[in-house]
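What follows is a group of structures, each given as structure tokens.
Both complexes shown next keep subunit A, but they swap its partner, so subunit B is in the first and subunit C is in the second.
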Partner chain A sequence: MRDLSLHILDLAENSVRAGASLLVVSIEEDPVQDRLTIVVEDNGSGLAVTPESATDPFYTTKKGKRVGLGLALFKGTVEQAGGRLVIDRSEHGGVAVKAEMQLRHIDRNPLGDLAATLSSVVCTNPGLDICCRLSVGEVKRVIQVSQVARQLPENARHSLAVARRVSEEINAALTELRATA
Partner chain B sequence: MSKRITSPQELLRLKDTFKSETELRGEPKAIQVIVHMGTCGIAAGAREILDQLMNLLIEQQIDTVTLRQTGCIGLCDQEPMFTIKDASGQETLYGKLNESKLRRIVREHILDGKPVTEFVVNV
Partner chain C sequence: MKLSEITRALELVNLTPELEATTSEREITLGHVSDLLSDVLGYAPAGGVLVTIQVHLNVIAVAVHSDLAAVIFASDRVPEETVLERSIQEGLPLYSSNRSAFEIVGRLYEMGLRGREE
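What follows is the complex of A and B.
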């Protein structure tokens, strides 16, 4: 995976497969503490195995497969940037995957195109509500897909229009946060 | 602060409102394009393919397509892939996608109803 937003997309796919109707993605950049924290959590069916098994590349719960690389690759990406990955139960009822890494670590992957990641989840999963919490330092922004959809005219509230608007709002929020912080 | 829900009836009305909103966003169309978004698909460029497809559908004002996602189907060497399911239920699996293949599939399969056999993955 070239960047962190692709790992977030992979985690979102896990949430969809776990039957989630809510996905919460939090990204916190703390330049003072030199820390980047990414949390992806859902209200899906939860983790059926131990966190150790979930990050083992040769363990999978899918029938007909011998490897499960998603979480193992993300763990490797996080650890190469001096960080750690914690898998826990979410307060929303499903799984919470928390990745903490050094923001300015030379081997940290870039965040990548977060807007493209979330808009692709929005347009392919109309029954899923997504809450995206972004913060840089003390400045915070929250983008909730159901609210974005409600702001569109009723006859233009189809998946593609909602996905495009979500993408615009995330890009605008990231630009504003980085300029302000 | 949000308004407090005071009765079960109010909760049911709220549920119906949200349900109709999500149904409106996801109403089924004549053609479904199901993008394979497993770890292998994402690493091979499935998000970029989906993004390009979304742009093509918007640019060409094609409103007969519903987009969906699925996971890995075990053909990782063929990623990025998607399946097109037409109104009759016929499924066509396309693999090793790139932007030029995507443009042809949109023009010939989605608009003209003729599968592009040279890009089809035979399982």
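What follows is the complex of A and C.
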């Protein structure tokens, strides 16, 4: 996965499969500590196995598949950027996947198009509540992604319009954060 | 071209001799070179050989998922023992070479192997 956002998309898919109705994506850039932290958590069924097994690329509960790559590849990406991946229980009841990387590591993948990623998750999962917390240094923004989508007039709530609106909101927050921080 | 002919011509070190009997007759006509696993997932042709410097267990899983015939680790890279064992379980033969990926791929191309076109 070239972009971290694509890993986030994989994690969101895992949460949806685990029956989650809530998805919280937090992205924290700390330029002083040179750290990038990404946390994806849900209120789904929780892990049936240990975190070690879940990150094994040959572990999957998908039928008819020999490999389960989402968590394993994310772990690889994170470790390549001098970081570590921790999988825990989330305070929301499901799984919390927490990745810490060195922000300026030469092999750290770019975040990529987070706005496009989250808007595609919203569009494909209308029943899912998605919350996105962004912070750069001390400055923070919280975007209730699903609410942004629901605030659109009913007759304009088709996926293209939702995607555009959500993207605008997230991109605006990111631009503002980077400018202020 | 048989896998055994490739390993002989390129003087590859066989990291999974346990699989020799079952895999050396594999016909190889395609190849891919990459260290980015999402690129391997997206573009490596089934039945082909992968040349890479990544030695992580994830390479094995991705190669199995993509139905690759073998993996050649370039620049003297060798995976850990546990990775070799998993690959043997999965029936995926692994080789290493002291040559760079560029040199290995050049030789494979000369022998007639081709990459995915466009």
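The rule is simple: the second predicted complex is superposed on the first by the 171 of 181 C-alpha atoms of A that agree within 3 Å, B and C clash if a C-alpha of one lies under 4 Å from a C-alpha of the other, contacts with A are read in each partner's own complex, and residues count from 1 in each chain.
Methods note: contacts are C-beta pairs under 8 Å (C-beta built on N, C-alpha and C of every residue); 3 or more make two chains touch, one makes a residue touch a chain.
Nothing here was measured: the structure is a model prediction, and the numbers come from that model.
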For A:P57, decide between first (touching subunit B), second (touching subunit C), both and neither. second
Give one of first, second, both or neither to describe whether A:L69 is in contact with subunit B, with subunit C, with both, or with none. both
Which partner does A:I130 reach: the first (subunit B), the second (subunit C), both, or neither? neither
Decide which partner touches more residues of subunit A, taking subunit B and subunit C as the two options. B
Which partner chains sit in contact with A:L160 here, subunit B, subunit C, both or neither? Use first/second/both/neither. first
Looking at the overlay, what does A:L6 touch: subunit B (first), subunit C (second), both, or neither? both
Looking at subunit A, which of its residues have contacts with both subunit B and subunit C? 1, 6, 69, 73
With touch defined as at the start, can you tell me which subunit A residues reach subunit C in the complex? 1-2, 6, 56-58, 66-67, 69, 72-73, 76
Along subunit B, where are the residues that touch subunit A in the complex? 18, 21-27, 35, 37-40, 42-43, 47-48, 50-51, 54, 57-58, 63, 66-69, 71-72, 74
Residue numbers on subunit A that touch subunit B, as the complex places them: 1, 6, 9-10, 13, 16-17, 62, 64-65, 69-70, 73, 113, 116-117, 119-121, 123-127, 146, 149-150, 154, 157-160, 162-164
For subunit C, which residues count as touching subunit A in their complex? 36-39, 41, 56-58, 60-62, 64-65, 86, 90
